[in-house]
Structure formats: structure tokens, C-alpha cells
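Mind looking over this structure? Questions follow.
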Amino acid sequence: MENEQLAQILSELFPASEIITTQNPIRIKVDPVLIHSVASVLRNDKRLQFDYLFNLYGIDREDRFSIVYYMESTELKHIVSVETDLADHDQPVVDTVSDLWITAQYQEREIYDLMGVTFTNHPDPRRLFLEDGWGFPLRKDYKDDINFIER
Amino acid sequence: MPFNIYDFSTTTKAIDTFLKTNMSPTWAFVTELAIVGLIILIFYAIIGLYLVYAERKVCAFMQNRVGPNRVGKWGLIQTIADLIKLLMKELITIRKADKLLFNIAPFIVIIASFMAIAAIPFAKGLHAVDFNIGVFYMMAVSSIGVIGILLAGWSSNSKYSLIGAMRSGAQVVSYELSVGLALLSVVIFSGSMQLSTIIESQANGWWIFKGHLPAIISFVMFLIASTAEINRGPFDLAEAESELTAGFHTEYSGIRFAFFFLGEYMNMFIVASLAATVFLGGWMPLHIGNLEGFNHVMDFIPPIVWFFGKTIFVIYVIMWFKWTFPRLRIDQLLTLEWKYLLPINLVNIIVIAFIVLMGWYIK
Amino acid sequence: MNSVGKYFSDIFYGLKTLWKGLMVTGYYFVHPRQIVTEQYPENRKELQMFDRFKGEVILKHDENNFHTCNGCGICQLNCPNGSIEIITDMAPNEEGKPVRIIDKHIYHLSMCTFCGLCVKNCPSDSLAFSQAFEHAVFDRNKLTKILNQPGSRIKKEPKAPKPVLETAPKSNPAN
Amino acid sequence: MQEVELQDILTSREDGDYIINIGPQHPSTHGVLRFVVSLKGEMLDYVIPHCGYVHRGIEKMCERLTYPQIIHLTDRMDYFSAHMNNEAVSLLVEKAIGVEVPERVKYVRTILSELGRIASHQLWWAAFGMDMGALTCFFYGLRDREKILDIFDESFGSRLLHSFICPGGLMNDIHPNFQKRTKEFIKYFRKKLPEYDELLTGNIIFEQRTKGMGVMSRQDAISYGFTGPCGRASNFACDIRKKYPYSAYDKVDFKEILFDEGDCWARYKVRIAEMWESMKIIEQLIDNIPDGDYTAKMKPIIKLPEGEYSQRVETAKGELGVYVVSKGEKNPYRMHFRTPNFNNLFPISQLAAGNKIADLIAISGSLDLIIPDIDR
């Protein structure tokens, strides 16, 4: 599907969300409270059918966290990326989408492990790589005096 | 018979009379035991070490490698160096392991193979003991080994070992049936369980040729089943390296591990020599019908060469299997036995019995 | 009857496939000329690395013990993991003006990942990779090397230095 | 459903389950990966993969390095697809700063990627055979891979971690012998590949161990993000080379191998077929490498304009995505790698549960896991 057409459908379906760019891939910004409902519409809507979540990652923007979802429809061959901003930098919380795409379960665990973003309703909310009590290394304010070499 | 020139019984008789004339009968007997024991011990060590070497060379050539070639000429004393290394290693005892069983398990394995080797006829008259139930004895003794494996797995206090031991138990118990039935076919043909009689009965041709197709089938069955019984690839589930790291001997080190290792190779030798004895005529030379000249030439090759030639051939085939095939899964292993080998063997036995009754085999 | 036929055809099919596999390994067993093993310590004399082989970084010296490094520090900047340290010094040239020269070009082989950025980006083309590949030593300190040989000096007439961090195509010495 | 299952697992650990750690040091996890396995006899009750033993924080390290320097870190993720990983970052940087690389570079990159793919699949075949107990496969696979490594060695000076493809083009021009040697290799390997089939593919034991084992349905494959040969074995057309062609993939003719079964056997067949396809691709390109520069004109210091960029490439293991958030600096503000093995690992709990220990090894072998790519 063409990006303009897609943008039209998206703005129709999610009037509250804002389309940041229609460049490839099209990017919409969603309120974190709505993320699960938006995701389930994206997953299940007949015109969209985003069944393949190929990437999910978090960005520490120093004042807030962003979680970015990249989805693709294997039937209709279009891509969308969804961004959501978590304003609370100390205790970022967002709903899980792991019931829609199983891969999200593990990618969310990775985000939790490395950035400290908590996913509510997550079936397995443990750390993935690091041991308990380790900091969140991908945060910008993470300090490690032993292993970091300043140049 | 021309091969009487290579008859070892005259030599052994001479030694016997020499000892009996010089000592009291009791002491003569004890000395004979000591001599035989010593010879078997040395023979065992040499065969074991060189089988390890042979395996490494065979697999190397199959895999486009050169294999051991650093210690000695062509690496000939590599395995001796390995043995010295194993002797010098620490014997680790596992905490909470059953110390007694843990320590005796390797000995059980090695004793079983020792006992089996005693009954093998290497050449005419070169026998430690010639039982009149030789085949039966070999079967009974070689299955003692599995007790050692089970004990090793159970007493190691390691989960990997336990799984390996249990697999091994299931495997040996089921494959023993096929080994027994395959051997039984030749027993029916020759009408004897004594290994020397079985060999004598092959003077005019080996059983694999004389017994037509059924004998060939039981030879193949014997090869497959005995490969499984000695836990070698592709049936090496008990030590399945990629699954259970080392199976039942995961926790063993040093000389105890060496015992298991040596025991495995000796079992291979025993199985191969049994196959050679029963199906391929043991130390009997190759005779073809009435080709007098050919038969006469064959007779001048010493029987010990014949015996080892045949044994090495069977050993090579077993090694060839191991380095070619992927490992079976446990259920496939049991399917192979209960669904294919056993029924075919049973039918085969009936067919052989019928053939023998009608006298259709080459006499 | 069909299942009985299948039972036997399965057996023959299985034996056939197994025989095929045995033939492959059997072929190599009787063809020892196909052995590909390199006998390493024996063939050390004739063992030749490819001329582009990235063994370790060296500072090129000519026969008169001259090198071309002016101590600009671009290799140090480009190194992703800090394997190169350059200690510079000031020394008067023949006109009496103080000029920057290298005192020590330190190279930590233990940290090097052989990405080749230092060699590629050197403006005076003074670094290169050597073909040495036997790096094992018993003392870790030996892996820290000083690349400029003792008593070496910069070439009297250095080439006009290229602009800083040039990455335009440059002729490849190996061609 | 999953929640209940997991709760069961966590609580039932106390009641005398027969739990085995397969790994972190185990011959068939190909590195430091740990499967916590509960057994009922020979049968697996559940399998939980644990990773993180070689986590090096590459994403964090990237935040302090410039783009040309990042290249050498990507080598160390999936080290058997080093060229493809390098290419991903290079393509992203070129796209972001709007540089068009010369045709020669595109052709060479494609050939290198395909050579890398063959080498990776050869090593996988070798290791898979070894996992199944056919130890000879290991040596045949490595023997043939050595020929590719020699080609690499001659051109780039390294055998495994090349760092050869860089933003703007290549580090160096290809070696004059490159074309000749590559053609020789293709000729050689076309003779050797049927041998692989004879030794392992046709073998009845192997066939019975892999057929119908670890079946992944198409729906699950998509949901798990199961890409690469594994995904294509489940009829999930996930080949980025076809979907979004990059470099010279739009100029060559090749088939996307798709299988319906989704079992270990299909995953095996896909990879064997891909080796043939890769050879076809190389043959189409190797004689037609255009003359020209081996690198585009690049600024001395590469700075990406502010914004977010993404690039997807197909490595030997599946889809690799590189995602960069730039603030206009010479180093990225945030860099993320969506690695194929990370997503291919986790289905193993579903695939292996209810099968036997030997099947776990077969399944994990058929997934072709590279641990540093999972952990990054």
C-alpha cells in the first residue's frame, strides 16, 4: 500500500495520534496509555494486518524515553513505525504488546534489561542478559567507573 | 592337513610337559596361570593402545586429515604418550558420589572384557580356555560390562551420567537378543557351541559362504547389533558427545577414564574377533571348493595372520560405520531393534533350522 | 500386503542411503592425496602469508633507519579501542625551528582488533601491516610495542603532508 | 496461556523436577548459551534458554565511536556474516548522508555477501552434522570453507573479521586474483556440494531424525520474527534481498527458497538450496564487475544529519536491522541492532518441548545459532 493511503487510514483510525513523517517508513506517535489498543488495531485491522513486528527498541532521550515499534504486513507489504514517549524518566512504564506478537516478549525483556523500562502485563518480567542489581547500561546517565575507559 | 605345521598346541603341550616334569602339578598349574595371565595382560594393553591409534588414523584419513604424526614415526607411540598422561592425572572423586561403586565400576568393565578375551581362539591351539559352551560364555561375559556402565552412571552423582547409563542399559539389554540370535544361526549350522569346533567346521569354507543368504543376513545383523552392544557410533547414545558431553564417564578422570576407554576398544576387538571366528572362519584359511593349488597356497599363510586379518577387517567396518553415520535417537534405536532386527532374526533362525534339517547348506 | 511391502522397501531404501554415505568416506579413506592438513611447524620455512595479511601494525623504516611519521596523531584518533598511543617531543630541525617529532609510537597488540583504520588513514603513509603472525609470548608486557626503532629519525624531506583525515581513494601498494 | 505456563515452571522447580543445564559449556550450544531443561525420562518437559554470557554492550560502545569505527564492532556480532553486518551499517550511513557508491562497489559487496553466506552455511552444515553425531561432516564442511577463507585472506588480510566494507565503499580494492580464485572456488564447490547430499542429506538416520521435528507454523514464524532460512522453511517469505533489494541484488536473478514443512528437515534443505542459489548469484556477477573507484568521495569526518535511520539487510542467519538515532554528531546518539539470532533463539522453547534431548540438539542445530549475535 502507498504511504499516503496508509497515512489516511491511520489518521482515520487513530485521530488522537500524530503522523510524524510520511517518509519511508511512515511514523506515527501514540500516547503510551493507548499503545496496546493501537497495536491490536494495527495487528488485526483488515486493511492494515501488521503481523510481523520486526523491531522494537527504546531510546533514552535524557528527559524522556521513546519506545519505537517497527511493523510490517507480510500480506500487504507495507511498513509502519510507531513511536511512544514515556514522560517519566525515572520510572518509565508502558503496556506490553507481547500478546500480539510473541517476539515482543523477548525484545521487551531486552529493553527492560538494558534501559529499565517496565512493561506492564508482561508474562515474564525478568532480566534477559544481565544479573539482578545491575544498572541499566543503555541509559545515558549510566556510570561504570571500572569498565568505562574515558578518552 | 597342511596347517598342522602352524599348530600351536604342540608348543603349549611342550611347555606343559616341561613344567609338569620340573614342578609339582599344583605349582605347574599356578605357573601356567601366571604365564597365561601375563601374556593376556600384555596383549590386552598392546591391542587396546593400537586400536585407539588405528581409530584415530582411520578417522583422520576419512576426514582428509593426517591424524597423529608427532610422537614417533607416523605417531605410532602417540597412544602410549596419552596413556602416560592419563596415568599421571589426578583421580577426581565427586562429592556425594557413591565412593565404592564409583571406584569399582571401571574395573567391572575391564574385567568383563578380560574374561571374554580368554575364550578367543587366536590360532590352532592358541587358546586360553576352550569351553564347550564358548559362544554362550562370550555372550554371558560380555554383558557383565553393562553393569559397570550402569554403576558408573548411577554412582557419579551427575545427571548427565545417569541418563547415559540408563540409555546404555536399555540399549544393551535389547541388542543382546539380536547378537544372541545371530550367533545362534551359526550354532545351528555347526551343531556346536564350542568355538574350536565351529572353526573346524569351516575348514572347507566359511559359514558366511556356506550358509547362503541366511548366513549373510545373520552376519549383517551381528555387525549391527554388536556395534550397538559395545556402544559405538552410530549407536553411541550412552556417551553421545553432542548431547550428554560424555555420558556415563563424564565424571571420571585419569586412569579410571582410561579403563573405560580401553574397555570400549577391547570390546570392539572382542566383537570383531567373535564375528571373524563364527562367520569368517576364525584362523581358517580361505578355501575355495576344489581349487587344490589355491587352497594349498592359502594354507601356508599362518593362521594367526588369517585371524588378525579378518578381525582387523571387521574392526575397520565398525570404524567405518562410526565415522560416516549420524547418531540414532533413543526411540529409533529401539525401533530398529524391536521392529527390524529381532523379527528378521527370528525368521532367519527358522529358515536356517529348515535349511539344516533339509541339509541344503554346503557341507 | 501393502504394509509388508513398505516394510521391506524401507529396509532396502535405508541400506541404499547408508551405502551411499559409506562410499563418500570410503573414497577419501583410499585417497590419502586429498589430505588438506597443513603441517604447521614443519612448513614454517615455506609458509607465506598473503601480502595483504594483517599481522601487526608496523612503522615503516627504510634501510637508513628513517621513517616518515611526523606524530600527527591521526592513527591514535582513529583507533577504536585505544591500541595506539603517541608521545611526541619537540626538537629543533636544521633551521633551528622547533618541530614536532615522535618520541614513542606505542602500540598495544593485545588490544588491537586489526580493523585497519590507522593504516588507511595515515596521512604520511608511514604505517603498514606486517605479515608476522606468531604473536604468542609468555609475558603480557611484550605485547606492548614501541614501533619507532631506537635512533630512527623522520625523513629529511618528507612528502607534502596531505590534508587531515583524507579518505579519498589512494593507490594501493599491493596492486 | 503463557502466563500460566510460566508460573507453573517457576513453581514446579521445587518439586524434584529432573533439571539439567545444557550449557553454558556444552559441545553443542556452539558457544556460551544455556538451556535449562526439565526432563521426564528422555522427554523434555520445558526448555528455557538463558543468554547473556557474552554480552559486550556493543550498542553502548557504538555511542562513543565514529561510524567508520563502528564497522569493526559489527564484525563481532555474527562473525560468520561479517561482510553482511558491515554492509548494513555502511548502507545506512550512505543512505543518511546521501552518497551514491560506485557500481563496482555494489557488485563487489554483493559477491562478498554471497561468499560469506556460503561460508556460513558450510560451517553450519559442518556443525549440524557434528551435532547429529556424524563427525566427518565437520571436517568436510571446514575443508571447503577454507577455500573461501583463503579468498578473503588474500583480498582483505583477514579470514574471519574483515572490516572490509566501510561507509563509502571498500577499505581497499579487491585483489587482482580475486575473480580468478572465486571462479575456481565455484567450480570446486559445485563438485563438492553433491557430496554433502550423499553423506548426510540422503542418510536414513538423518532423515528420520529431522523430518517432522520441531515444526514451526507460518503464523508462529511471523509472530516470533523467525527470519532467514529458518523462516523461509516455514513458508515465510522474509528475504530482504527480494523484498527490498540493496547493492546489486536487483540486477541478479535468483530464487527465494521456500518450504512448507517448517521442520528441521526443511530448514536443512533451505540452506543447502541457498548455497546453490548463492553460487548462481556469484556466477552472474563475477565476470561483470565494472571498473571504477572502490570508494565514493567521502568527507573526512562522517556526520549523520539529525534524525532516525534504519537499514535492513539479509545476513546468512536472517534479517539484520540497524537503527540509528543521530543528533548530528559524528557518533550515533543511539544505535540498535535487530539481530536475526536473537529472534531465532526463543522459539526453541516451543519447538523442543515434548521432544527428546537429542531433538533439542537437532533443533538448536537447525536454527544455526551464533551466540555473540544473540547477546551483542
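By letter and in written order, the chains are A, B, C and D; residue numbering begins at 1 in each of them.
By our rule, a contact is a pair of C-beta atoms (placed from the backbone, for glycine too) under 8 Å apart; a residue touches a chain by one contact, two chains touch by 3 or more.
Source: prediction; values computed, not measured.
At the centre of the protein atoms shown, by the Cα-centroid criterion, sits D.
When the C-beta contacts at B-C and at B-D are tallied, the pair with the greater total is B-D.
Computed from the mean C-alpha positions, the centre of chain A lies at a distance of 41 Å from the centre of chain C. Here the spacing of chain B and chain C, counted between their Cα centres, is 52 Å. As a whole-number value, the distance joining the C-alpha centres of chain B and chain D reads 46 Å. Spacing of chain C relative to chain D, judged by their CA centroids, is 25 angstrom. Across the assembly, chain C contributes residues 18, 21, 24-25, 36 that each touch 2 or more other chains. Taken residue by residue, chain B touches two or more other chains at 62-65, 323-325, whereas all remaining positions touch fewer. Looking at chain D, one finds that residues 136, 143, 199-200, 203, 205 touch two or more other chains. Per the contact rule defined earlier, chains pair up in contact as A-D, B-C, B-D, C-D.
Those residues of chain C whose C-beta lies close enough to touch chain D in the complex are 13-14, 17-18, 20-21, 23-25, 36, 50, 52-54, 78, 80, 113-117, 120, 129, 163-169, 172, 174-175. Residues of chain D touching chain C in their complex: 65, 68-69, 71-73, 136, 143, 146, 153-158, 161, 163, 168, 171-173, 175-176, 195, 198-200, 202-205, 207, 293-295, 297-298, 300-301. Listed in rising order, the residues of chain C touching chain B in the complex are 11, 18, 21-22, 24-26, 28-29, 32, 34-37, 39. Chain D meets chain A in the complex at residues 2-3, 6, 51-52, 55, 57, 59-60, 219-220, 222-225, 227, 236-238, 243, 308, 310, 312, 319, 321, 323, 325, 333-334, 336, 338, 342-343, 346, 375. On chain D, the positions that touch chain B within their shared complex are 18, 20, 26-28, 39, 42, 129-136, 138-140, 143, 199-200, 203, 205-206, 208-209, 356-359, 361.
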